[in-house]
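One structure follows; several queries about it will come next.
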Amino acid sequence: MPTRTSPTLGVGILGYAGVARAHLNALKKLPYIFWPAPVHFRLVGVAGRSPNGVDETVRRYGFEYGTTDWRRLVEDREIQLFINCAPNDQHADPCLCAAEAGKHLLCEKPLGRDSREAKRLWEGVRRRRIHHQVSFNYRFIPAVRLAREMIQAGELGDLVHFRMRYTDDSLSNPDTHHTWRQEKRRAGSGVVGDLASHVLDLGRFLVGGLRSVCGLSRIVVDRRSAAPGSRRRKPVDVEDLYVGAVEFAAGAVGTLEASTFCPGQKNYLTFEANGSRGSVRFNLERLNELEVFHAEPQARRDRGFKTVLVTDRDHPFGGRWWPPGHILGWEHTFVHQLAHLTQAIAGDGRVTPLAADFHDGYLNAQACDALLVAARTGRRVRLK
Amino acid sequence: MPTRTSPTLGVGILGYAGVARAHLNALKKLPYIFWPAPVHFRLVGVAGRSPNGVDETVRRYGFEYGTTDWRRLVEDREIQLFINCAPNDQHADPCLCAAEAGKHLLCEKPLGRDSREAKRLWEGVRRRRIHHQVSFNYRFIPAVRLAREMIQAGELGDLVHFRMRYTDDSLSNPDTHHTWRQEKRRAGSGVVGDLASHVLDLGRFLVGGLRSVCGLSRIVVDRRSAAPGSRRRKPVDVEDLYVGAVEFAAGAVGTLEASTFCPGQKNYLTFEANGSRGSVRFNLERLNELEVFHAEPQARRDRGFKTVLVTDRDHPFGGRWWPPGHILGWEHTFVHQLAHLTQAIAGDGRVTPLAADFHDGYLNAQACDALLVAARTGRRVRLK
Amino acid sequence: MPTRTSPTLGVGILGYAGVARAHLNALKKLPYIFWPAPVHFRLVGVAGRSPNGVDETVRRYGFEYGTTDWRRLVEDREIQLFINCAPNDQHADPCLCAAEAGKHLLCEKPLGRDSREAKRLWEGVRRRRIHHQVSFNYRFIPAVRLAREMIQAGELGDLVHFRMRYTDDSLSNPDTHHTWRQEKRRAGSGVVGDLASHVLDLGRFLVGGLRSVCGLSRIVVDRRSAAPGSRRRKPVDVEDLYVGAVEFAAGAVGTLEASTFCPGQKNYLTFEANGSRGSVRFNLERLNELEVFHAEPQARRDRGFKTVLVTDRDHPFGGRWWPPGHILGWEHTFVHQLAHLTQAIAGDGRVTPLAADFHDGYLNAQACDALLVAARTGRRVRLK
Amino acid sequence: MPTRTSPTLGVGILGYAGVARAHLNALKKLPYIFWPAPVHFRLVGVAGRSPNGVDETVRRYGFEYGTTDWRRLVEDREIQLFINCAPNDQHADPCLCAAEAGKHLLCEKPLGRDSREAKRLWEGVRRRRIHHQVSFNYRFIPAVRLAREMIQAGELGDLVHFRMRYTDDSLSNPDTHHTWRQEKRRAGSGVVGDLASHVLDLGRFLVGGLRSVCGLSRIVVDRRSAAPGSRRRKPVDVEDLYVGAVEFAAGAVGTLEASTFCPGQKNYLTFEANGSRGSVRFNLERLNELEVFHAEPQARRDRGFKTVLVTDRDHPFGGRWWPPGHILGWEHTFVHQLAHLTQAIAGDGRVTPLAADFHDGYLNAQACDALLVAARTGRRVRLK
């Protein structure tokens, strides 16, 4: 419950399963964790395909209504913030309609199925007086934020390497069934849009824009059962993995990987930066930790990577949660992200814009497209 | 929001800062995470010493009222569950009054300042038709639960070793100021009741009761400033650290440690079990992981500790939260603990009682007392 | 001291500093570690540029003579094994002369400065009745050998990914002075021949030949002081780093990296393989360990990477050295490599040829050349 | 081969299997690794029980003769250094005879089967002009040496904790057969003399003498087959494990453990020191690394344990071996130890005495005895 003076923000959400649950959780937690909250949430409406699912979500989270038609949300004047957690092929229309209706936007990644669609989205919001954010939630990990502050302060010196990787084993079993993510028409791309997009955004957040990419992709399993247990097979027409090398405009180079065929990895997003003065390493499966190395002339017993548990009061987001050493989980990134958005909406001028907006989402889509072109042509592709 | 049929459970809480915030968070999250929830929480009242703090808590979490007098809570018939997060010297009276009033209890650890007080608490609840739980929340870590299931299934064979340790660096700076925890009259003991109690309870949960203890304790810094910045010094009359060796009734032996003087450790609760068939290791700073070794005749490439990320759907508490590899944090243990309590209260007969009740709390206090006697006398102390 | 029947093998070595010391150490240790040794070493001659250095080496290791002219070694009929540890531009002539004189060869990597030179070397030995080996000593790490046995036995299933990396921080300080390794004329290439060659050979050893490569390289510091403390600057005309993506003929794909600009890394050769049935990971800085994951349907508590300490008696090279857990170091790889070569020379027909011979060295040089072409052209380069 | 001026040191060794092989290896390597060597080894004689084993050792390592009677060695005037690798019950007589004959001594640990025997040994050497060393080889690990230098320089401040542990799984299989180590008459004690002695010596080396000990021991498997495959069972009359707590004279306290019943551990000697200014951690299975934490007021990104790879040129023993990051193994500790001894023998006055001499061995035995008394009596035992 916010202070009396905090404005009310009516929220509508499209989708309730999967990652939507993390957004719903953030809506519930933000008010008492970021206290006093800059806005007061009113959970107005939820939309989704299944009437039952929608109904349950209404009761579970306390929405005022549910609907199977997202248009009701975008037309509802009580809603000021529209959160889009639908599959990729339903990002554009709902978001553009909501934008036209003047609603603030928080859209799941990737923004569009390709850079053309993402551009349309960006162009649809850029001149409106709304806040628009793509849910690249990993910008809001304390350890990632600490890495950024170090890089920006020059503590790593001139960056030479930046490696990025997001791998898991979610599809390494060939019996895992087909979903919309394996369908180009709906998803746009495979691991490039789903996983590589996340690390590309982190690269942008930490190092800046790309100059060129090269690499190759593969469809490892090209047909999957249509549904759990089904004998019907549906073709897979998007890539299962990508391996490549990238060059940043600022000069750093590095490898880039995305794959769902890495047995033993569950949520293995890692990055590593090496600069003239030091290095940092990060792994999402241990997201509370940042490994830091400083190269400065130093005593013999100081030459090693430090494993910093980024939970102290003076660490990013420190003091909002629990005492030092009492670790956070994956879900907290969504709370931080939503806090950032609501602070912006509430007009707190002191807020440095750290989230990915639709322009970042568009540039991200450009990079994804370039990866696919590079894989197809076997050539290094330059980004504009 | 629960289903229509779920009963309403009025909650009163004593305390709002420190660990109370983790209980408050659990109260807010449980309803939508453990859906459909077995009970519907009604946040009735919060008590605490500061009128301002109480007021803010009312608004922040949505309580019906706040008070500086805990008696109002225990007398309030709308409250069925009383959560006690007060300092150790305020566990007994409020809990006993609440018990007398028929309220279910969730009390912070240690249950009493010594075993005599803990016994009084246990005797005050044992014949009442109430649920009473001591907040040994680490029983509710998925990895701890997995370890227990393995041990109970005999997967480690006969246990030979069980080591326990809870260390941090919270007091290693001599300038850190005095609190009630450094005062025997209020806290009962130092690290023994504060930290050792946690691992003693885990030992009990995983291995069973103790047969004997020996060891030694120290007050490292015997005077601290009365308050931040104050020049006035208050004496410290409780132990800053404990090192010892213990013997379990079932035969296993191990070391036991608790200390606030370990630079670089923030929340370093670790245990390690070695049995005739295998070993497990755990570290609270990486609470999503369990290290597992199986000793059975095995192929050459299988002889190593496995680092299991305990986040799969078929892991304990799996499926309640996020996809595999999307890690949980410290706070989640409180949600699991509260879920367990409310399931018991709601009368779900299928619930195996896995929480620590006041009897466990009393036995824990006995073990704590024995540690202190052993340190004082220099003798191995047997537990009854 | 070998058994009476073991033949004597006269050894001549070109070079005595740097990596030559590891070969000299292997010559001294092999006789009593691989007992009974298949051959009896006679340390005949050492050649090098500095008369003092050569003299000291004679006395230090017990050679019969030293010389500043390598031709004396290749002409000496008492020498049957010629070990070439000279800079890259002195691999070809000495090796070819020694081959012509019928001597067995152990040549440091890379075999030649480019694939043309390496081909000349390969063609110079292929029809002779001599054993010729390139010192890709990392094939002889127990953990690497275990990984190979697992892959060959199909324990990882069909390989999907193979990542390779060899990075250190040896040149990240711009004040580090120039050596022959920064000179294309003498070294042939920079990190590609020096570091990438090692992991390319491991890729070949573990996965097989390459189909294509793409990537990019950089000269980060293009002028260095001519010598320690010197103000004179010499240009650097070879690459300081390489990042790329590769495709194996057998289907697996992966990233490839080599760099001397990674602060905090000293000898960071890592590889990781992911297949349909499992994964392995390796890091040369912890060379006694292999991390292994098996994906087969398995119990909940088995789903994690195992850290296998590859020192058991039934591990590769186990039983030759110390009890389990008593780790080996970097130098041991050279002993294993030399043991392999001498077993082959002694005519032990049971020896599976596991070392890299000059043909492997030539293919390795082809891959190195392809990397450089890919970097220069921005195109994926196919290997024949 | 040493310089002309280096004196010759005739060496006799009792024992050739087990740990003797590490001493033999050191004798072979020292001359060229620590070049120019302060002495020239002459491998005079080896003694042991099996004529065949002795003969093979003569040929394998190049001794002048072998014998089954150790008295021949101690009587041989060509021998100036006597290395005793026999079982514990054969430490006293051979060493005392050799001392009487004026030979320098390097004796395996524990020095005697109990403190009485160790005292006899110490008294037998203390007034003689000989160098006497107990093979507590772990003092010669670079990372241990670095830890010592840090502690001595006050970099950890006042030590509060020092934990010690040496555990493996060598006997956790009940089918493992009986050896002399399970026989009190021959070994003196079980894991206390075999494993605890090592960490007690490290404690002494790093922190100083003990003030008191308490703890308990166990015989887990009290009968074992007399030999591999034998059905005859021999009783085990020494302890399989020890767990305890210790207090150092200087004030620090800590746990102490030794056990052969820890599945998954092979050579798991670990220690950890916490002081007012920092902490260090060490693990013998990763003996090239030292984990270091500094508590001083420090920037947010510096608060973590550093994993220092102790292989740089300015690290202890750095520059003697290979380039940074090229790790050493277990055997190297014996080379360092022997180098230290020979420098002392050669009369290099600059050598700080860092090895354990027989006085240290005697104090070590006192500590071992105290542990056993504490276990038997259930009381804290003070050391004089």
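Here are a few things to note about the model shown:
By letter and in written order, the chains are A, B, C and D; residue numbering begins at 1 in each of them.
Rule of thumb we're sticking to: a contact is a pair of C-beta atoms (placed from the backbone, for glycine too) under 8 Å apart; a residue touches a chain by one contact, two chains touch by 3 or more.
It should be emphasised that the depicted structure is a prediction, and the values quoted were computed from it without experimental measurement.
Taking the CA centroid of subunit D as reference, the farthest chain centroid is that of A. Comparing chain pairs B-C and B-D by the number of C-beta pairs in contact, the larger count belongs to B-D.
Spacing of subunit B relative to subunit C, judged by their CA centroids, is 54 angstrom. Taking each chain's centre as the mean of its C-alpha atoms, subunit C lies 35 Å from subunit D.
Between the CA-based centres of subunit B and subunit D the separation comes to 42 Å, rounded to the whole angstrom. Residue positions of subunit B touching 2 or more other chains: 265, 294, 303-305, 309.
The residues of subunit D lying in touch with subunit A in their complex are 146, 150, 155, 289-292, 294, 300-309, 312, 314-315. Here subunit C touches subunit D in the complex through residues 1, 3, 21-22, 24-25, 28-29, 31-33, 35-36, 56, 59-62, 168, 265-268, 284-288, 309, 311, 321-332, going by the rule given at the top.
Remark: subunit C residues 160-161, 163, 167, 169, 172-174, 212, 214-216, 218, 220, 241, 243-247, 253-257, 259, 261-265, 274-279, 293-295, 303-305, 378-380 touch subunit A in the complex.
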